Amino acid sequence: MLLVVEQFLNGLQFGLLLFLLAAGLTLVFGIMDFVNLAHGSLYMMGAYFTATFVAWTGSFVVGVLLALGATLLLGIVLEFVALRHLYGRDHLDHVLATFGLILFFNDAVRLIWGPAGLALPLPAWLTVPIQIMPGVFYPSYRLAIIVVSLLVAIFLYVMVMRTRLGMLIRAGASNREMIGALGINIKLLYTLVFGLAAALAGLAGLMQAPILTVQIGMGENILILAFVIIVIGGIGSIRGAFLAAIFVGMIDTLGRAFLPDLLRRVLSSATASTAAPALSSMLIYLVMAIVLVLRPEGLFPANRR
Amino acid sequence: MADPLLRVENLVRRFGGIAATDHLSLDVASGELHAIIGPNGAGKTTLISQLTGQLQPNSGAIRFAGRDITRLPAWRRSALGLARSFQITSLLSEFTALDNVALAVQAHDGHSFYFWGDARREKHLRDKALAALTRVGLERRAGVVVSRLSHGEQRELELAVALATSPKLLLLDEPMAGLGSTESARMIKLLQELRREVTIVLVEHDMDAVFALADRITVLVYGRVIASDTPAAIRGNEEVKRAYLGDQHVVTSNG
Amino acid sequence: MSASFNARNAVAALVVAGLVLLPLYTSLSGNVFALTLFTRIVIFALAAVSLNLIMGYGGMMSFGHAAYLGIGGYAVGILAFEGTGSGFIQWPVALAASALFALVIGALSLRTRGVYFIMITLAFAQMAYYVASGLARYGGDDGLTIYKRSDFGGLINLSNRVQFYYLCLGCLLGGIYLVWRIVNSRFGMVVQGLRSNEARMQAIGFPATRYRLVCFVIAGTLCGLAGALLANNTDFVSPAVMYWTRSGDLMVMVILGGMGSLFGPVIGAVVYLVLEEFLSQLTEYWALIMGPLLLLIVLFGRGGIVGLLGRLDRG
C-alpha cells in the first residue's frame, strides 16, 4: 500500500514534469507551426545552468531563478538568431535545423562542463520527508515539483483560456492571418512564446536535475516521451498535453515499478526478469500504438474546441 | 421509369453548428446533364465532396448505379465509375500532362503493384491517355509539366483526367472558374460534346453556360434543395428568383 | 533518364567510378584506413538510398529509419551468437525481420500525416532501441560482439577487406538500380503521385495507404540489408546503431545529397561522413562545427548538392 501510494505520486510527479516539456513543444507548434527537436536541449541546458549557478551563488533558490532567466534568454536568442528564419518553411527543414542544434548543444556542453555528469545537491530544507498520510512519508522535494508544476499548469490554463494571447493560441496555426489582423507584433509575440517554451523546458530540466544526474543527452529521451504525449494528446492542445502527460507519466512509472512482479506471477522468474525491462520500456509505445489505431488524430485534438 | 444513376437521400453534413448540407435529396437520371446552382456558400462543393467520398456525411444515403456508396472510400467510388474535377485545380503539378492522364488510366487498369517495367513505356496506357488529351484538345501539350500549363489548359487537363477513368458519372466542380471568354466558349463546346457520352453533374456559377447546357437544374440555398426542374421551369420559379436573384449580381460578377 | 552530359550525371558517374576504383588506390598506396572508411560510407549510402525511396519519392518523412540498421544487425548478431553462422540463413532473416517491423510500424504510422508521422516513426524506432537495450542475453546496452562474419560457403569471404568492400558496393549499386526501376514503374508512379497530391490520387481511384505501406516495407527491407552489412563490418551490433541521432544522420545524408534524386543520397553520405571524419580529426568537438553547418545548409541550401548541380546545369 505504501509503495502504491509512493509510486502513484512518483507517476504524477513525472507526468507533470513531462507536461512542462510537452506544453512548450505544443505551444511552439500550435502558434508558430514549428517543430523544435532542440526542445530537449533547452531542458538539458536548464539543468546545467542550475547546477552551475547554484554552485556559484551557494543558494539553491537564487541559482534556480538565474538558471530560469538564462534558459529564457537562450531561447530568445536562439529564436532571434536562427529559428525565426525557418517559420513558414517545410517541417522537414525544422527537423534538420534543430537536429543540427542538438549536435551543437551536446558538444558545447561537453566542451564547457566536460563529459562527466554533474550532481546538483539539494538544500537541507528540501530533503525532509513529509508525512502525507498517517505512516506514509514522501520526499518534500518531489512534493515541491508536483506543486510547482501544478501552479505552472494553472498559469498556462488561465493564459490559454482567459487572455488574448491564449485566444491566438486556441485559434491555432491555420488562422495566422487573423493574428496579423489583430494588430499584434507577430515577430515579438513569436519570440516571447519561444522564450516561454524554452523557460518551461528549462524549468522541467532543473527540477529533474537533483533526482537524476545532470548529463549530456538527458533531454533526448525525455523529448521523445514528450512527442509520444503530443501524439496521444493531440497536437496543439494544452489540455490534451496535460492529460496525456499525466497518463504517460503514470503508465511509465507504475509499469516499471509493478510490471516485473506481475510478470513473475504469470511467467517463470527467469523469463520474467528478462522480459520485464524490455516490456516496461515498451509500454508507453504500445499505448501510443493503441491510441493511433483507435484515434489517429489523438485523444484530445485541438480543433475540437 | 428506370432507377436514377445517382440518388441522394436526406443527406446531412454539419460543420460545427452549421448544416452545410441540410436533408438534401437529389436524383440524377442516366444520360442527363444535371446542373447544380446556388449562391456562394450554398454548399455545392461540400455536396460534391460527399458524393466523391472526400467528405463523410453525418447522415443520409448516396446510391450510385443501384448500390449504396455512402461509406465507400473515394478510390472505390472511382472504381465504380464516379469521376470528379476539382474547383481549385488539383493536379500532380510536377508531372507532365500526359503523366497525369496516364495515371488515371492506370488506376482503372488493374492494380499497380508492378515494380519493374517502365510505366511510361506501356503503350496502351499512353495511347488511352493521349486519346483523352486529344478529346479536350491538349494533345500538343502532352509533354509539358503541369505547373507550366496555362490556367485554361489546366482546367481542360482536369477534365481529361476525369475522362480517362471512363466514368459513368462526371462530377464537374466549376470547370469554368477563372476562364476567359474564349476559353469558356471552348469549354462549353467541349461539354456539349461530352454530354452525349456520359452523365454529367455540373456545378457552375456561369449562368449562361448552365442554361445553355443543362437538362435539369437543381437550386441549392443554405444546403437545401429549393427547386429541381427543367431550365425553363427554373427560370420562371418565384422562390428561386427570390432566394437567388438578390445574389445574382454577385454571382455573375464572379463568373 | 536522359543520357545527356550534365554536371549532375557527371558527378554521379565520377562518384561511382571513384568507389569502384577505390580498392585499387588503397592497395597501391597501402592506405587501409581509406578502405575501412569507405566501406562504412558505402553501407550508410545504401541505408540513405533506401530512406530516399520513401522520403524523396514517397514524401514519407520517416525519422526512424535507423531501426532497420539495428534489426538487420541484430538478426545477424543473434543468429551468430546462437550458432547459426550461415549467411544464407542470417541475411534472409535480417531482411524478413526488417520487412515485418516496417509492416507493423508502417501500418500504424501511415494512419497519420506530416509532423505526426515524423514523431511517431521516431518514437517507434526509439522503442526498438529500448527493447535492444533490454536484451540482457545479447549484451543489453553494451551490445553484442560478432566473433565470426556471415559465412557464404566458398562463394565470398567477408573477412577479406576487398571482397567485403565490393560486396557492399554491389549491394549499393543493386539498391540504386532497384530504386530506379521502382521509381519508373507503375508502382513508383503511384507513390510519387501520392507525394504530389493525395486527394487527387484517391479521386482517380488509388487506395493511398496500401501503396504507401508497400513502399515503406520495401525501403525498410533494403535498409535491413544495410544493417546486416554494417554488423559484419563492425563485427559488433549494439542499440546505439538504432539511436535516433542515427536516423537523423540518415535524413541529413538524403537531404544534403538531394531528395528524390537517384544518386543524391550516395553523394550526401560521402560528403557527410567524410566531413565528419575530417572534422573529428581536426577537433574532438566536431559537432560544434557540424551542427551550425547543418543549420546553414537548411537556411541557405535548397535541393541539396544534386539540386545545386542542377541549377549549375541550367546556367
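A, B and C label the chains in the order they appear, each numbered from 1.
In the analysis below, a contact is a pair of C-beta atoms (placed from the backbone, for glycine too) under 8 Å apart; a residue touches a chain by one contact, two chains touch by 3 or more.
Model, not experiment: these values are computed from the prediction.
J.: Determine the shortest chain-contact distance, in steps, between subunit A and subunit B.
T.: 2
J.: So which chain is farthest from subunit B, going by the mean of the CA atoms in each chain?
T.: Most distant chain from subunit B: A.
J.: Have a look at B-C versus A-C and report the one with more C-beta pairs in contact.
T.: A-C
J.: I'd like the Å distance between the centres of subunit A and subunit B, where a centre is the mean of that chain's Cα atoms.
T.: 49
J.: Please report how many Å separate the Cα centroid of subunit A from that of subunit C, as a whole number.
T.: Here the centre of subunit C sits 31 Å away from the centre of subunit A.
J.: Which integer distance in Å separates the CA centroid of subunit B from that of subunit C?
T.: 43
J.: What residues in subunit B touch two or more of the other chains?
T.: none
J.: Where does subunit C touch two or more other chains at once, residue-wise?
T.: Touching at least two other chains: none.
J.: Residues of subunit A touching subunit C in their complex?
T.: That would be residues 29, 35, 82, 85-86, 89, 91-93, 95-97, 99-108, 110-111, 220-221, 224, 227-228, 230-231, 235, 274, 277-279, 281-282, 285, 288-289, 292-293, 296-297 of subunit A.
J.: In the complex, go through subunit B and note every residue touching subunit C.
T.: Answer in residue numbers: 52-54, 73-76, 78-79, 83-84, 86, 90-95, 99, 102-104, 106-108, 112-120, 122, 161, 164-165.
J.: Can you check the complex and tell me which residues of subunit C touch subunit A?
T.: On the subunit C side, the touching residues are 61, 63, 108-109, 111-112, 114-116, 118-120, 122-124, 126-127, 130-131, 133-137, 244-245, 248, 251-252, 255, 285-288, 290-295, 297-299.
J.: Help me check something: in the complex, which residues belonging to subunit C touch subunit B?
T.: Its residues touching subunit B are 181-182, 184-190, 192-193, 196-197, 199-208, 211, 214, 218.
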